[in-house]
Structure formats: C-alpha cells, structure tokens
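Questions regarding the structure given below will be posed in turn.
To keep things simple, chains are lettered A, B, C and D as they appear, and every chain counts its residues starting from 1.
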C-alpha cells in the first residue's frame, strides 16, 4: 500500500480519528511545558527579561515559514496528483500560518520596542514577515472568494506557486532595501551565536510544541474541510437527482 | 497576434475605453500628496521617488480588473481560447496592450509629475528608465491577478489584494534606482535587479496566467 | 478518418458527471443535433469538444484547430462596427471572406454600424456570421437560434447547408427544428450519468466526497 | 512570582498577545469542526 491511500477522504478520517487525541495531548503538553519553561528561564545579562519572548517568537516564526512550505508541497501534490485531501490540507493550513506569522510579527514588534524605542521598525526580518502575512491573506481571500471548489483549489495552487517565488524574491529585495541595521542583540539568538543551554532546551521544546500544535490544528481543520465538502457534495447530488 | 493587440488598443482608445485614466489618476495623486505633506521642497524631494513609484503602481491597478473580465463576459475569451493562438500568447499580448495604454503613458508623463513633486533634475532620466524597465512587469503580474479573479463578480478588491504583494520587489528596486539617481549614486545594481525581475516575470508569468485562465474558463 | 470522433466521453459540471459513455462520429458534410432536457450537460459536452474543458473520461479525436465554437455570448465588442468585429476574428483565425459572411446573414447594410447599436437578433446573426470567417471545418453550436426570427433561422439553415456542402460538419445543441433534412439527431437522455456508479477517477470535489 | 524587571510590560504583553491569538485560533478551529460535524449529522438524519 502506498502512502497515497491516506489521500482518500474516508481513509484519512479513519486514520486521524485515532491519531488525533494523542496528537492533541502531546501538543498541549509540549506547548505548555516549552512556553512555561521558557517563561521561567533566568534573565539574559544583555536583554534582561525580554529574552523570554524568544520562546514564542522563534517557534512562531519558524512555523510561519514552514507552514507556507507545507502549503506549497500540498499544492504541488494537488496539481500533479489531484489528491483532493491535499488541496484541502493546504486550505486548512493557511489560517494557522497566518496566525503564526501574526504572532511572530507581534512578538517581534513588542520585543523591539524597548530596543528601538518604537513599536514598529522596518527591520528586514519583520518586513519579510509582514509581506509573508500579506501572501497568507491573499491566499485565504482567494479560497473564500471562489465558489466552485475545483476551481478554487486550482487557482489557489497556482497562486501558492507564484506567491512562493515572490515571497522569496521579496525577502532578498527587502534585504537590499534595508540592510538590517538591527542585527544586534535582538537577533543574536537566531544568527548562530552560541546560546547557553539554559535557553536552548526550552526553545527546542517550544519549537516541538508549536510544531505539534500545528499538526493537531491542521488535522482538525482538514477534517472540518472534508466534512464541509462531503455535505456540499451530498447536497449537490440531491439537487442533481 | 498583431490583430489582437490592435483590437485591444483600438478598444482602449474608443469611447469608454479608459485610455489616459491612469495618467489622470497619476496626476491627481501627484497633486494631492503636497496637500498632505506640505509644499516644502525639503519634505517633498526625498519622498518624491517613492510617491511616484507607488503612484505608478496604483495607476497600473486601475484598469486591471477589465483586462480579461470584459472578454470573459461577452464570450470573446472562449473564442480566443479556441483560436490558433496559444493562450499564453493571448495573455502576453493583452498584458502588452495594457502596458501600452497604461504603462507607457506613465513612463512618458512621469517627468512632469516629478517636477510637481520637486524631484531633482538629475533623477529624471532615472525615473523614466526605472519606470520603463519596471512597468512591463507590473502589467504582466496584473494580468496574472486578473486571470485569477476573472470569473468573480466582485474581483476588483481581491485583485488588488493578490497583485500588490507581487509588486513589492519591483517597487523596491524601481524606487531605489530613482532615489539613487536623485542622490547621484551608482544605479547599476538595482537597475540590473529590476531588469532581471521584469525579464523573469515576462518569461514565466504568462504560463501561470494562462493556467489560471483555463481553470476559470471551464 | 472522420472529422470528429468521440469515444465513451464523460463530462462533468460543478464537480459531478452529467453525461457519460457518449460515443459518436461526425464525417465531412454531416450534422449532428444533440437533444435532451435542460441541465443534462449539452453545453458542457460542447465545451469539452471545443477544448474549453477537459473531459472526465473518454477520448475526443480530431485534428488540431478544427473547431469553431459559438455559444450564448457572441464575442462582439460594442465599440467596434460589425465589419470590424468580423475582421478581427477573421484575422485571429486566419480566415477571410468577411463580405461573403456578412451577405450570408443579411448584414451587409449594417456592416458599418457599431455592434452596440445592433438588436439582439442582429448581434446573434453577426455572431453566427463569425463562423464563416474562421475557416474551420467543425462548427460546434450551442443553441444558435436564440433570439432569431423565422427568416433568420432559415438563412442560418442555408448557411449551415452551404458549410456542409463544402465538406464541413456541425455539432448542434438545439430544441427547435432547423429544417436540415440531412441532420442526425442524438438524444443524450440515455447517457445521463448515474451518481451511484463509481468512476475510476472522481471528476471533482463533489464526486470525491460523495 | 518571578521578577521581570523593567521589561515586565513588554514580556507580559508579548505572552498575552501570543496566547490570545493561539487560543482564538484553537477556539475557532474547534468550533468550526463541531459545526461541520453537526451539519453533516443533521443532514444524515433528515436527508
């Protein structure tokens, strides 16, 4: 049996039905533990207690990008192999990605406030996330605007492909536009500087927690979409008959 | 292909075609900005490159929702899709017609609006060059957005939402060329980037737009 | 080889198959009239033959660029005159003979009037005259006689007969009698898709999830 | 209670906003799922 059997809606529902409680539990535990542990870490000698924001900002930012990549892969699977669940999974993932981007943006802006003295700074990283957010919003808007599900899946798939190229392009354009005057303290954690164990392990745990949270939400939302589609399909069939 | 281009140009210039609306919009924008930020040369000159580029972007958006929608409504799009022309070619030609009726007038009129916004004289050639290199990409990306939203009843707002993020790289490099031109710096790097983006867009986007059109036609 | 042959065709609208198992062939000089109740999928079938949408199953065999399609919308630009509209489509399709086409649908007197000033029936006639300038052998027509008066229907039947005499063929969905004795009639009702039968590949979301 | 020092508002605001967003997303997800499930069950009963 190939992995494609899970692309069958009924099979997907059966499999996730058993998997979901475990996933939800694991996500809840890891998320809570990671974030609480992060909140309890000692202050950084340079950044003071603001270092605690890392445990939200970094996992959210990581997921914001990863979810777009996942949507790109799901869209490609839909376009190439025509697996309907794949298209619905891409649709289900978008709002999660948008919220993750929003968290990354909000925590980034709040974190920067004491450093930069302003609530918003056109820092290349923050700007890139703002652009990514715009792409998420456009993607979600297109899904909701097109009534026919087959057309909507195809059109959003094409948009996701083109959007991926332009999101990447914008990232480099933004670097060119504002060469990161704020690479200092606020971003040291991400830029490969050696991080003390005190911060590293709770961060890993929070990352795992956010990833599991995404998976759990993705499965639930995909199941929602499948049920909605099934209802619409049954109604369409009755109308035709 | 020539026939399609000529028809689109003729339709744009006939009554109700909306030729010149983009330039008029651009003029109004350039006239309004000083009312908002004040008439000082010192405040206007630094923001002029950005205003002019954002203005060009918005003027380009104005007529986009009609690019395929009119042909979709009256059935021409079905007929064009069955014509010997590949749909990719149709998209490219219609984007070219959009550029000639919207982008080209903007390029030619831009120095005038540069004067209104106190753009330094030495930046004028760079403004024209950057717009000439960048606006074809705007039209082609707009055609992609128009192809995505062609079947929708209220596609106009969605079109802006989808297309404007795609304009970001073009805007960044285009405005940067003009800004560097105004400050007398070297403009080669952003100009090359801008040209690269435009060429890439012109080469690849017709396929994406044609794919979207095919989906909307069935 | 026939101009057009369709094997075991199934088409879908709104993600549900409408007709399936449709098989027919069209030779030069033949006309085939499709009949069936509203909503059966005649339009969808014609669009599939015209290449505007992919069939769910089956094959459509014909040479490339042989179909001229005419449906409810005539593809006319109101700002252009009747002859300009025709000339444009003649150029796009690489055909010619605008004057002949205008004469065939009795539009010569209206040639220089903008399409916006034509009545619904006149627009329809212009839309049908377009078929003649496409220089394509297979005409795929979806309710071609809508808003035509009796005289115009007769003129259109003449035009069709002339087209077939020159080795053309026509696939027509219509409810009225066109007065074409040589035309065959295919009733699509027996080909209605049955929802219960599982296709090897779902035609869309509505079939994949039902 | 741990001492957050002079950045207390900043840190608490970041956590507050993030947790509010996540809770909102989870709530919306669960509510939509329940609604879809109910709608389908309703249909199965009457349809």
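Just so we're on the same page, a contact is a pair of C-beta atoms (placed from the backbone, for glycine too) under 8 Å apart; a residue touches a chain by one contact, two chains touch by 3 or more.
Quick caveat, the model's predicted, so the values are computed rather than measured.
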{"item": "Chain nearest the global centroid, as defined over all protein CA atoms shown", "value": "B"}
{"item": "Inter-chain centre distance, chain A versus chain D - centres from mean C-alpha coordinates, in Å", "value": "15"}
{"item": "Between chain B and chain A, distance of the C-alpha-averaged centres to the nearest whole Å", "value": "32"}
{"item": "Separation of mean Cα positions, chain C and chain B [Å, integer]", "value": "37"}
{"item": "Inter-chain centre distance, chain C versus chain D - centres from mean C-alpha coordinates, in Å", "value": "54"}
{"item": "Residue list for chain B, restricted to those that touch at least two other chains", "value": "218"}
{"item": "Chain A residues counted as touching two or more neighbouring chains", "value": "230, 234"}
{"item": "Residues of chain C touching at least two other chains", "value": "none"}
{"item": "Chain-chain contacts as defined at top", "value": "A-B, A-C, A-D, B-C"}
{"item": "Complex contact set, residues of chain D against chain A", "value": "2, 4-8, 10-11, 13-15, 17-18, 21-22, 24-26, 28-30, 32-33, 36-37, 39-40, 43, 47"}
{"item": "Partner chain C, residues of chain A touching it in the complex", "value": "9, 82, 84, 148-150, 153, 226, 229-230, 232-234, 236-237, 240-241"}
{"item": "Sites on chain B touched by chain C in the complex", "value": "2-4, 7, 10-11, 14-17, 73-76, 78-85, 217-218"}
{"item": "Touching residues (chain side chain C, partner chain B) in the complex", "value": "47, 50-54, 65, 67-69, 71-77, 79-80, 84, 88-89, 91-94, 130"}
{"item": "Touching residues on chain C, where the partner in the complex is chain A", "value": "14-16, 39, 195, 201-202, 204-210"}
